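Here come two complexes built around subunit A, the first alongside subunit B, the second alongside subunit C.
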Partner chain A sequence: MTRYALRRVGFMIPTLIGSTFLVYLLVFLIPGDPVLALAGTKRVSPATAEAIRNQYNLNDPFVVQYVKYLGNVLHGDFGTDFNGNSVISTIGTALPYTVALALTAFALKLVIGLLLGAWAGLRPGRTADHANLAFTILFLAVPGFLVAYLVQYVLGIRLHLLPISGVRHGYPVAFVLPALVLALETASPLARLTRNSLHEVLRSDYVQTARAKGASPSRVLWRHALRNAFVPIVTYLGLSMASLLGGSVLVEYIFNLPGLGGSLAQAIQSQEGPVVVGISVFLLLFYLVSALLIDLLYPVIDPRVRHA
Partner chain B sequence: MTLPLLQIRDLHIRFQKDGAQLDAISDLSLDIERGSTTVVLGESGSGKSLTAKAVMGLLPPGAEVVSGSVRFDGRELVGLADRELRRLRGDAIAMIFQDALTALNPVTPIGNQIAEVHRIHERISKREAWSRAVASLDAVRIPDAARRAKDYPFQFSGGMRQRAMIAMAITRNPDLLIADEPTTALDVTVQAQILELLDDLRAERNLALLLITHDIGVAAQSADNAVVMYAGRLAERGTIGEILDEPAHPYTSGLLGSVPGPEHRGRDLPTIQGAPPSLDDLPGGCAFHPRCALATDVCRDRLPARTDFTTTHTTWCHHAEEALDGQPAAATV
Partner chain C sequence: MLDQTQSAIATDRTAATRRVAPTKRGNPTLRALRAAWRRPTFLVAAVIIITTCLMALVPALFTSTDPQDCTLSNSRKGVSAGHPMGYDMQGCDYFSNVVHGARTSMEVGVLTALFIFIVALITGSLAGYFGGIVDSVVSRLADVLLGMPVMVASLVVLYQFRERTIWTIVFVLVLFGWAGTMRYMRGSVLQVKNNEYVQAARVLGVSSLTILRRHVLPNAIMPLIVMTTLGVGAGMTAEAGFAILGVGLKLPAYSWGLQIAQASRDGNWQLAPHLMLFPALMLGLCTLAFVVIGETLRDVLDVRSR
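On to the complex of A and B.
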């Protein structure tokens, strides 16, 4: 068990380093001159431009830039943006909003996905099952931003139930709608998986064995079926944190939340490499830690992993 | 004369499938005495497993008993409330399945799975249930049972898993043990050990064994009585000696003829031509007639009536006398 945990933590390090490289490379490859983008319509003297380039190592070849950056990061220095603010302080301000949004959405997603999936899985071929399928297809097919605007319009503007923009109302009120939009989108595959997994498990031989032992239907469900049905679900939950965070970038933008997503979008536009990489690293770290926590549940549920 | 432990009379089970009604089991009658071993022989789809599930009250969705009776220890099981059936299941009637790997819960230790049977049927402490589970594992000859009880199914070998299944089934000293192809998933040496174990347990505990198999060798090794099923009906029944030595149904003869033996060395093994019919396309008359060498017009038109040779040996064939004389009677290659 301890070895399993250590191995999982060990995997995080190369993942983190590899992804900083990829993100840095992507920013480097964006066409255009970041200094000119920064200046906008103002004229910049060649000397000033050169000074800025030197300050941000923009004249170095890509690999040198990257190694210098990585060296700084390892010393805890994530660099500064073009306005001179440290990337760390930008992240420090924005991260709590993103974490609050992601965790709320995750909780909502669990409730919606598991309940809907279990309901359908217990009644295959009946109304609950069809409702589940309709829900899944609808929210998988309709793009998230469309759902977001619809929810804003109906629940926010028409019915005045909840705020649709900003964080003036604080947690949880300001986060309900964005978290709901995010949860609806990612609850669909969860509901589908839960339904199929439970359906599969209920037809399995060991569930038949449990019945042959004289177990009551509720014992069969709680002691035998659900725990087994959870094995693939837990695996999926860990992986799905990525889509939750990816979706949060868009949802933060639509609902005007000052989280990492907004800062990231801005930094990509102004080609501020250190900011993009810094935020990406923190999003990734958040993903890896939450996926790790979920993965640590896995051996608790499935002994085959524990003894592997 | 005492009542048989299990008495099945004119059992008729119907399947609903895509709106059509299929007769999965028809006119099935069968007696099982305490402490005896009865094998049910037949190809896949002949209704062997469904018969077992009907006795357990575990028919799959869509299947239902239309008529007939299943009496266990004098008590009618057909129509019994599920609550009452659950009291019998795992307690007085137990069942083991073909593939112990899938039939055991993968995420629960073996010992807990056996102890659970006691906790379902009796108010006893976890400790007491656990020690009974270990005793049962010991009874099925699992070495170092106390330690191995903590293992998970994936840590057991195939033969040991089937032993664990048997331990789970006999742990409450049932009167009837139904074994559905218990050795099919195992290799031959392990098969023999499992059959021997089942036979020893039967003798020690006066357990009636209903052994479902398509393996004549398994039947010959352990059975007192045999029942041959074809397309949901009885083809023949008798003592194992009568069935093996004097088969009076062309299907039985065909099954016996297709068992490999030394006399087949270097030659093609005789087989029964064709495949068993599917339930939604049963031939009229005797369902075996398209594959039968003795088939005549009457076989195509009418269901065969029963022919009794002895008080135990009965066959359902229009040409029973002929089948009894001429061997092998089925169409052979």
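On to the complex of A and C.
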């Protein structure tokens, strides 16, 4: 178990270095002056430009720049915006909203995906199966932001059921629509995977054996089939955190939530380059750490992994 | 007798190649495609895609109105005779704008999918077939890409480009998007590589490239085509997403993404829903059509989802 955990942490380090290095490389080595690119259409005074140069160590050789930057980031220093406010304080205010949205969406997604998938997997080739297929294809194909606008229009503007913008209405109410959109957008692969996984397991020899030995259908399902069917599902859930975080950028922006994604989009609109870079790098790290945590939960579900 | 045959094969490489690596294509693929044509959903999807392609190639077939011929007093007016989609903010004919937007959206989708296909095909087969250092480099790089939220990384990179064309967007999408397809290709190659018939071909002196082309590719190409079809819609979606967030194309370009982005600014579409409806409908129909085609192909070609 300890060896497994250590190995997982070891695997994460190259990814952490690789992804931040790649982003840093692309952001600061694109032809042209990176400081001007960060400022966008803003006019930057020479003093500010010099401050940014210092902040990203742009006067050093490239590798030194990067190592220093990574050092700062790991100490919680994500830079400062053009007004001199530190990006980490922006992140601090925004993070709770993103976490609330992500967790709510994750819960909704689990309910939708697992129920739909299980329903279809238990009755392959019947109505449930076709409904599942239509659902997955529809939400796999239609962009999430279109679903967001549609939901805003129908449930918010036409029917006045739920607020469509901002967080004035507090936790559950203001987060229902954005979480629902995120959940619908990411539930399709889960529903499909659950269906296929369950379908496959239910046909396997050991389940047939359990049935033949007279185990009741519910015992076969809960004790024998589901446990194995869940292994690929949990793997997928870990991987799917990325789409949840990536999707939350657009959804938070559309629903005007002041979370990390919303702040990132705001920073893009107001051309606050250092904030864009700071929040993005934070999101990268945030994702890597959550993926690691889910990986560490893996052996709890699949005992085979413990001894690997 | 046996010796004779062996030496004949050894000296005559082309004969060996002909014998163990016949060029004749099997019929199952064609049969499968014919089965696909018989499905109504596939047909509808194909019609949508062909129409959109025509729109992208020859917009004049659909509208003769100049999308830049605008009367400001018509701003945000709804559907009327001769203007089936109403007017946009500047009072330009919206139908003409939407028709002209097809080209950019299709270009981004198709080019992204195409380049991902090429990059994945090359890197995947090299990594899978030759293994060793090539495989290590390619696979570790793919691990990093698959291990990060691509949307976030694309945003920050696109932000740094001051002038963004469709090529900038395609570049970023391919850069961050090839890894998954590559891994699939590599998997197919690894699977086929140690089959007995491939070993036999190798022993008989068939070159690596020929083995890749004749034995490995036919096994791997169909899944790749399915993934590429699914990728077109993803590219179109990404283009629109970038436009909404302000890191996509900028006016005066025409694209569905940009039209959706314009409509979403300052609650424009809440006053005039048609501004959002029509480009959204086109984009939604197109992405849906590509997924339906991809899924049907996956189904009839019996590509197992791994």
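Basically, the second predicted complex is superposed on the first by the 254 of 308 C-alpha atoms of A that agree within 3 Å, B and C clash if a C-alpha of one lies under 4 Å from a C-alpha of the other, contacts with A are read in each partner's own complex, and residues count from 1 in each chain.
One rule holds in what follows: contacts are C-beta pairs under 8 Å (C-beta built on N, C-alpha and C of every residue); 3 or more make two chains touch, one makes a residue touch a chain.
These numbers come from a predicted model, not from an experiment.
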Q: Name the contact category of A:227: first (subunit B only), second (subunit C only), both, or neither.
A: first
Q: Quick one: name whichever of subunit B and subunit C touches more residues of subunit A.
A: C
Q. Looking at the overlay, does A:14 come into contact with subunit B only (first), subunit C only (second), both, or neither?
A. second
Q: Name the contact category of A:176: first (subunit B only), second (subunit C only), both, or neither.
A: neither
Q | Residue ranges of subunit A in contact with subunit B within the complex | A | 204-206, 208-216, 219, 223-224, 227-228, 231, 301-304, 307
Q. What does subunit C use to touch subunit A in their complex?
A. 140-141, 143-145, 147-153, 155-157, 159-162, 233, 237, 240-241, 244-247, 260, 264, 269-270, 273, 276, 280, 283-284, 287-288, 290-292, 295, 305
Q) In the complex formed with subunit C, which residues of subunit A make contact? A) 14-15, 18-19, 22-23, 26-27, 30, 32, 34, 36-38, 137-138, 140-143, 145-146, 149-150, 153, 157, 196, 242-243, 245-247, 249-250, 253-254, 264-265, 268-269, 273, 276-277, 280-281, 283-284, 287-288, 291
Q) Along subunit B, where are the residues that touch subunit A in the complex? A) 56, 58, 86-91, 94-95, 97, 99, 102-109, 116-117, 120-121, 152, 154-155, 165, 168
